[in-house]
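Just so it is clear, A, B and C label the chains in written order, and each chain counts residues from 1 on its own.
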Amino acid sequence: MPETLSAIAEYLSSQGLACECAGDVSTRIRAVATLGDAGPDEISFLSNPKYEKALGTTRAGAVVVSKTQAVPEGRTVLRVADPYAAIMMLIIRIHGYRKHPGKGVHAEAKVDASAQIGENANIMHGATVAAGVSIGRNVVLYPGVYVAAGSRLGDDCVLYPNVVVYDGCMLGNRVTIHANSVIGEDGLGYAPLGRKWHKIPQVGIVEIGDDVEIGASCTIDRATLGRTSIGAGTKFSNLIAIGHGSRIGRDCMFVAQVGIAGSVTVGEHVTMAGKVGVAGHLTIGDDVQIAALSGVMNDIPPNTRAFGQPALPMNEAKRVYAVITRLPEMRDKLKRLEREMEKLQADIAALNSPTDRK
Amino acid sequence: MPETLSAIAEYLSSQGLACECAGDVSTRIRAVATLGDAGPDEISFLSNPKYEKALGTTRAGAVVVSKTQAVPEGRTVLRVADPYAAIMMLIIRIHGYRKHPGKGVHAEAKVDASAQIGENANIMHGATVAAGVSIGRNVVLYPGVYVAAGSRLGDDCVLYPNVVVYDGCMLGNRVTIHANSVIGEDGLGYAPLGRKWHKIPQVGIVEIGDDVEIGASCTIDRATLGRTSIGAGTKFSNLIAIGHGSRIGRDCMFVAQVGIAGSVTVGEHVTMAGKVGVAGHLTIGDDVQIAALSGVMNDIPPNTRAFGQPALPMNEAKRVYAVITRLPEMRDKLKRLEREMEKLQADIAALNSPTDRK
Amino acid sequence: MPETLSAIAEYLSSQGLACECAGDVSTRIRAVATLGDAGPDEISFLSNPKYEKALGTTRAGAVVVSKTQAVPEGRTVLRVADPYAAIMMLIIRIHGYRKHPGKGVHAEAKVDASAQIGENANIMHGATVAAGVSIGRNVVLYPGVYVAAGSRLGDDCVLYPNVVVYDGCMLGNRVTIHANSVIGEDGLGYAPLGRKWHKIPQVGIVEIGDDVEIGASCTIDRATLGRTSIGAGTKFSNLIAIGHGSRIGRDCMFVAQVGIAGSVTVGEHVTMAGKVGVAGHLTIGDDVQIAALSGVMNDIPPNTRAFGQPALPMNEAKRVYAVITRLPEMRDKLKRLEREMEKLQADIAALNSPTDRK
C-alpha cells in the first residue's frame, strides 16, 4: 500500500525528524531504492556527497536530502537534518525486517526430549536441538542448525541455516547469527610434547550477550577454561575469527575477516575495519577505532584511532606510512648527499693542504 | 579405455593444437598425472620451468612439452605450442567433469509447493527450496542446501552441500557454488544511535551472472537497497567476503581470502591474488591485476598492476617496497652523514676563524 | 567426585611431574578454572607471568605454580617444574575430552548401500555417506556432514556438523574436523581463453594424515592432479585456506586465517601465526616459524623464524620493521642535512672565491 510523500513527511516528523517537502507531495511511494535504481514510485536519498551527481539523473519519485543540499530544478525532495537516519526509518516502515518461514517445532526437527523449548519457538525441519538445551521464546532455528548439548539460547534469537553452536554455550536475548557460522568450536589448545602437539580439552564456553549480531561463516572459539565472551550489542560481519578466551566488549563493530587471537581483551564500542588482526593477550581500550588491514601488536589505550602494520596511533601512523611512498626518493637523496659529502670533504682537504694553498 | 599416444596426438591436432610425437607412440594412456606421481600408463606435462628437472626422473609414459623444450634421451614426449592448454584438454577428455549423484526431486528434499522446479532438476534429500523459489533445468542441489523464499536459479546451476542462498537472490545459468558458501546474508548495515547500533533492514539482493563459480565458504552480502552483483564468467576461490552493494565485473578472478568492502565497483577481467583487501566506495578499473596481500585504499585506473599496503602501481610499488629491506642500511648511512657533516662544519668554521687562519 | 589436593599431587607425581604442596592439602578440587574465575573448590594455574598479580586476588582453592614462583602468604599451591603441562594433565583427568551423543547408524542418516561402515561408527541423523565411501571404526559423523563418493575415513575420526568431504578424499586415523569445514572442493583451476576462464576438471584429491585436527570453516582444495596433503599430527585453527596441490608436512600448527596458495611445500613442524599468507610454488623448510600477518614471497630455509610483508628472517625483519616507525624522523634529518649541505657548499665556494679571500 503505497503512501504519499506528504504522509511520509508527516510520519518522519512524528518520529522527531522534522522535514520539509519541495515538489509534488502527492507522489505515491512504494519502496525505498538507491538513486541509480529508483523509479517514479520509489524514494531515494543522498547522504554521501560522492553520489551528488546522481541527483541530476535519478528517476526517483522523491529524494531525501539534507537541509542545505542544492538540488536540480523540479526535483521532488524531502529535506531533513539527517537523511541517513530518515531513510533508515523509511526502510523499516516501508520494508520492515525479514519474515521467517515456518512456525512451531517442525515434525522433522530433531529436538531431544530433555531440551526445554520456549513458547512460540520456530524450529524448522532439519534443525537439531541436543540434550539439555534450553531455547527461549520466539527463537527461530533454520534447517541445518545444530545446537549441542547443554547450550542455552535466550528469547528472540535467530540462527540462520547451518549455524553450529557447540556444547554448553550461552546466547542472550535477540542474538542473530547468520548462516554457516560456528560458535564454540575448540580453540588451538595443544601442549608441545617433543615435536608432537598434545590436545588440551577445551572445557570453557562461549557467552554471547543480548542484541549481538554475528555475520556469516564466523568462528568463535570456546575458551580452554572459563569463557570467550562477546558483549551485548556487538555486531560482526562475516568470516571473523575470535580466539579462545578473548573478551569482546559491548557495542563493538567488526568488519569482515577480522581476526582476534586468544586471551585478548577488547573494550566497549571498539570498531575494527576489514581484515584487522590482533595478536594474543593484548588489551584494546574502549572506543578504539582500528583502520582496515591493521596488525595490532601492542596494547592500545582507550579513545585511540590506530592504523598500520604494526598498528600505530593514527597521527603517527599517517606520518609514518606517508613516508613509505617517498622511500625511493629518500634513497636517491641519500646517495646524492653522500656524493656531495665526498666532494666537500675533498674540497676541504684541498683548502687545508699547504701545497694547494700556497 | 586407455588410448594410444598417437590417438591422443590426433585428438589434440583435431582441436587445433598441432602436435608432434617423439618416442613410443603406441604407449597406452589411462590418466593424466603430475610429473611426480605419473606412472607408465599416465601422461604428464611440463609448463612451469621450475619443474624441468622432473623430466629426468618422472615415470610418466609420456610428457606434453613445448616445441623447444630439451628432453632427456629416450623420453616419450608430445610437443605442442601450449602444453598447459593441451593438458587441460586431455584432463577434460580423459577424466571429464564431476558426475553428481542423485536424480529428480528426492522424497526427503523439502520443496515448497509454491516453488517452480525446472525439468530434470536434481534436488537431493535434505535440501530446502522455500516458497516462491524458481529453480531452472538440470539444477543440482546437494543436501543441506537452503534456497530462501523468492530466490531464482537459472539452468544448470550446481550448489554443493550446505550452500545457503538468502531470500530474493538471483543466480544466472551455469552458476556453481561450492560447499558452505553463503549468498545474500545481511551486510553490516547499522545506524549509530548514541553508542548503540540500530539495524537497518537489508532489503536489497545479490545477483550472480551466468557461468560464475564461487569457491567454498565465501560470503556475499545482499545490498542494503538494490543489488550486490557478480558479473558473468567471474571465478572466486574460497573464504572471500564481498560487502553490501559492491559490483564485481565480468570475467574476474579472485583468489582465496580476498575481501571487498561495501559499495566498491570492480571492472571486468580484474584479478586479485590471495588476501587482497579493498576499502569501501572505491572503483577498480577493467583489467587491473592486484598482487597478493595488497591493501587497496584508492581507486585504481584500468589496465594497472598494483601491489602493496597501501597498493601502488606495480613499478612504483616495486621501487618503494624494494627500499624497505634497505632501511637499516639507510639509517646507518644517515647517521654517518650526520657525523661527517658535523666534522665538516667544524673544519669550515676552523678555516673561517682568523685565529686558525693566521 | 572431587578429590583432595594431596590426591592430585600424588597423581601428577605418578605421571612423572614431581610436585610439592604448600597449604591445605585436604582442599577438595572439583574443576580446573582460570585464576579470575576459580572458586574455593577449583584449581587454577600460573604459567604466563603477565597474570602474576591475580595470585593475590584469585579465589581458587589451589594454584599450580612453578618451583620458584613467589606466592602471597597463605595461598595453597602445588609447585611443579612445568605448571602448564601439569594443568593440561589435570584438565584431562578432571574434565576429559568431549563425549559425542548418539550411537550406531541413525535411521535417518543417509548411508549408500555401497558404503563400508566400520564397527561402532556413530553416524547421526542428517549425515550423508555417498556411494563407495569407506568409514573406519568408531568414526563419528554429526548431522549435516556430507562425505562424497569414494572417500575414505580411517578409524576414530570425528567430523562435526556440516563438514563436507568431496569425492575421493582420504583421511587417516583419528582425524578431527570442526564444524563447517570443507575438504576437497575444486581449486581455482582455469585456463585463460581470451578473456574467458575455462574450467579445468580438478581430478586430484586431498589426503589427510593421522592425528590431524582441522578447525572450523577451513577450506582445503583438492589437487588438479595428484593430491593436496596435510601431514600427520598437523593442527589447524579456523578459516584457513589451503590451495590445490600444496603439501603441508607433519606436526605443523597453523593459526586462524592462514592462507597457503597452490603448489606450496611446507616442511615438518612449521608454525604459522594468524593471517600468514604464502604465495604459490614456494618451499618452506622444516621447523620454520612465521609470525602473524606475514606475507611470504620467497622460499624459507629450515629452522628460520620469519616475519613481515614481505617476510624476512627474524633478525633482519626486526631491524627493518623497527626502522619503519623512525621514517618521519629520518626524512626530517635528511631535509636538514640537505640544507646544511647547501650552506656548507656555499661556505666552501666563498672560501675558494678570490674576491672573498683577498
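The rule we apply is simple: a contact is a pair of C-beta atoms (placed from the backbone, for glycine too) under 8 Å apart; a residue touches a chain by one contact, two chains touch by 3 or more.
Note that the structure is predicted; figures quoted are calculated from it, not measured.
Visitor: Chains in contact with chain A and with chain B: which ones?
Guide: C
Visitor: I want to confirm something about chain B and chain C. Since they are copies of the same sequence, is their interface symmetric in residue numbering (over half shared, so same) or not (under half, so different)?
Guide: Counting which numbers both chains contribute, under half are shared, so the two copies meet through different residues.
Visitor: How many angstrom lie between the centres of chain B and chain C, each centre taken as the mean Cα position?
Guide: Between these chains, centre-to-centre, one finds 24 Å.
Visitor: So which stretches of chain A touch two or more other chains?
Guide: 126, 144, 162, 180, 217, 239, 257, 275, 309, 324, 327, 330, 334, 337, 341, 344, 348, 351
Visitor: Inside the complex, what are the residues of chain B that reach chain A?
Guide: Going through chain B, the ones touching chain A are 110, 126, 128, 130-131, 144, 146, 149, 162, 164, 166-167, 180-182, 185-188, 190-191, 195-201, 203, 217, 219, 221, 223-227, 239, 241, 243, 245, 257, 259, 261, 275, 277, 279, 281, 295, 297, 309-310, 312, 316, 319-320, 323-324, 326-327, 330, 333-334, 337, 340-341, 344, 347-348, 351.
Visitor: If we count contacts the way the header does, which residues on chain A are in touch with chain B in the complex?
Guide: Those residues of chain A that touch chain B are 32-34, 36-37, 48, 50, 84-85, 88, 91-92, 95-98, 101, 108, 125-126, 142-144, 160-162, 178-180, 213, 215-217, 233, 235, 237-239, 251, 253, 255-257, 268-269, 273-275, 292-293, 309, 321, 324-325, 327-328, 330-331, 334, 337-338, 341, 344-345, 348, 351-352.
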